[in-house]
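A short write-up of the structure that comes next.
Naming follows writing order (A, B, C and D), and every chain is counted from residue 1.
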């Protein structure tokens, strides 16, 4: 299976995503240059973290106009899997691949820490390797992670099981204490109605090795492998 | 030599103008002698920048020459943009520390951000990919609005810049002390990794090779930043406000990628950051290193504003710019690489055979200097040095007689007081704003003793730390210099790493004052001694002088940035206790050494006494013993004793990891002639707190190295509490109170209700 | 064609949490501005653009807002009159 | 006393680098707005405050800018007319 990892100017987790795919999964990966109209036959597209265009104006606002995003949108429309992580989530929202928007953290400060999230829907392309309600620990590192949408949209994604991850506290509850950025309904990750585009603020690609603190991200990549390969 | 005439509109060269450029009458004479004529305004500007303290090291060069700089693993010592050491497997580590104190005092956010940007460029211009950032920060009290403004702004500036470029900020140190009230210190360190064969030096070579300006356009910002960094902070600094430069980390990220690609392409000969004194210093230094002449046409430099003069273009410190010497005929290849990263490039000059440094504006020569004398002829000073008798008296004071406060009856009160002082308390409020995990190599991030990064493709890791105790250095500069190195080494060793080499940032006051020059001289001597004893040569550094405000000089603060190597990932050791039941071993001797301690300063408001002795042979032996014990697999955790002494070190071992707090039961046994408070809060050097399931093995190793070690107690579950018996004294606390004191202190001080206003942007002018 | 300077206000949609506005409001109260009852922080973008007349300049800037400058999910925008530079 | 709404423009001082403005300018060019020659991005702060009259409201907001809202080192500010709400 081949993963295409988009490099926008200012992407800085493209390398981590590449290493995750190649070293931890043993799969093939290519960098997709933002100026090219070519996914190079990628089965899965990763929109990685970072600060595309410096996150100037709004996180993800400028990157979504990159030439390669035409092909990414086409790929998504055909049902191809897209994994948006952190800045990739922000870009996916700006591009309309996912609903809502990601605003400045409520604390107004960047937050970098290992954080607990609960798997809210283990029946997706990206989460079948987890159990429903499983509490996992992933690093976050962002300044604009407060997921926001109007109530109707929130009700709709919640009602259709499209909230995939929620921030939780030590007791596993989605409380304000467990919410690192003020996200509506503690949302850490959502999926589109086609079930093939996921956006999440935590970094699964940074959680693949116990040496670095957690390997709770492995199941996410393995879920994709299992489903896409099948 | 060409004919050089004043440019229409140039101000006349008067003694006042010369003085405004920071040149002494003697220095001006030297300049005239070198030129054989009067300088033009442009030339005066060039020399004022290159002969500023910041660029020329005129007061420190003679002292720096005494530092040890060689070892078989040192590939590049001082003299380049960054030092480079080999770590085996064909890999090398480039690293350097630099100050951005004065810009951060004027605008903490931009000052700190651009400091990070500058040191990043110093590392990637060596051909190394930056893999980690550290910092070392000093502020006045967080009780003052200005202290909070500076601290908050600096932390945000460091975070926003490093996070955006995508380099993890993994460690550092932060100290709050009134000595820094008028003049904060902001030192940033960058560490990069490379294949040895990619090492490139900033040396212009090859007559006819083009000189290319790369990156951001040149604006009017930061003109004369280098000379600004070379004077005391005063009211007058306020009027120099436009000197603040705005950083653009996004462009920096593009520059980083493009530069590494350029270096690997083989199309270029040399590359250097346009940092302090901008185009002037980068071009002059590259020419001097290569022993060639250069000619630069300022009319070819891409500018941001219309009507910029040669003077302004040469001295601008606009950020995110590089100077490249390419192989002749490869200009279009160079341009293609830069265009890929949306970066502009302009050929602005050429390497020439004639030994001159020449600047033209179109066809007109606007500045010309003979050969490399511009750099090499710069004045050197070894001013008078004399210890301040007041400091000598403070050091001689007997502090053991200071009566304990009534509250100290309960040593738990003292411990809680220390744990909640911002200098000792958890710095998570700051480092949670730094992305510490990007690039997925961070094994131990901020919060531990030293940061640890794995080296992909090997079974190795590197350990990194910055350290200094300014109070010790104030009381005894030589001992303070030694301890800065020793403490950095101990921190690195606690993770299982062998200390390899250091970079240093010497933050001192005005060197023309004999008592300051004395501090500088002695501290450098102490650093040198420790580097020899610990086999950690100096590979580079930075000198920041004139750190003074109307309150006086800062504490002399020689910050050490150390790199160590861990041979095997299995040896990576953490600082916090892991398992209840493990024994606690204290390695090293405890004396009754309260002089210069955090305890005296915080609880008694006293800065006096001799700082703890630093016996370098013992330091070396203790480090060797610890590393051996770690390698033999018997060490569960290791932490060094520093600020706040043994009691604080033990508490940190219990509460440092919030997800796994532990308690302990410790009996210090017979204290001999050491007082209980000396045993608990004294800061004797050369000590480690180690937890181990096999303490006998640890002690056997220690014995082999002749290092004292004894079991002082055991790790307990957190519910069992925290108990230390020190002679007559019993320290009892529940673990949660210790943790609350330690973790809540800085967040409480920085709560949003305590925001600063614009008044806090003005430096407090004491005595003025 | 003339160069026009057009200012654009981009403000967080009412009803959405505006932590920046709240923080500024709190700070203003503690600085002794008790009369302050509401603060919102948005963006101010100033664009210089060539156009045939002020109306065309404003139209073109409207297009920029719709496509890039404002996020329709969370922000409103308002274009000031275009003035020749 | 009436409640006035006062808008404030806070802009990066001319001569200082405005990386945000530069990035937006680049993006607008590639989006097909070639006429754009200069972009600056600042903040727009809207304050509701009680005051005796519009002049007093503006004066009070000026004080807020000087004391808190604008960074005197890097920013300029401009107060719009105060309007009663």
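Everything that follows uses one rule, which is that a contact is a pair of C-beta atoms (placed from the backbone, for glycine too) under 8 Å apart; a residue touches a chain by one contact, two chains touch by 3 or more.
The model shown is predicted, which means the values in this text are computed figures rather than measured ones.
Between B-C and A-C, more contacting C-beta pairs join the chains of A-C.
Chain B and chain C have Cα centroids lying 41 Å from one another. The mean-CA centres of chain A and chain C are about 30 angstrom from one another, to the nearest whole unit. Centre-to-centre separation of chain A and chain B, using mean CA positions: 36 Å.
Annotation for chain C: residues touching 2 or more other chains are 23, 27, 31, 43, 68-69.
Each of residues 248, 250-251, 342, 757 in chain B touches at least two other chains. Multi-chain contact residues, meaning those touching two or more other chains, occur in chain A at positions 53-54, 56-57, 61-62, 65.
The touch graph of the protein chains shown is complete. Of all the residues in chain B, the ones that touch chain A in their complex are 156, 159-160, 163-166, 248-251, 253-254, 341-342, 431-443, 454, 456, 569, 572.
Within the complex formed with chain B, the chain D residues making contact are 12, 15-19, 22-23, 26, 66-68, 70-74.
Of all residues in chain A, those touching chain B in their complex are 9-10, 12-13, 15-16, 19-20, 49-51, 53-56, 109-113, 139, 141, 143, 203, 205-206, 208-209, 211-213. Put simply, chain C touches chain D in their complex at residues 1, 3, 7, 9-11, 24, 27-28, 31, 33, 35-51, 60, 63-64, 67-69. Chain contact summary for the complex, chain C toward chain B: residues 23, 26-27, 30-31.
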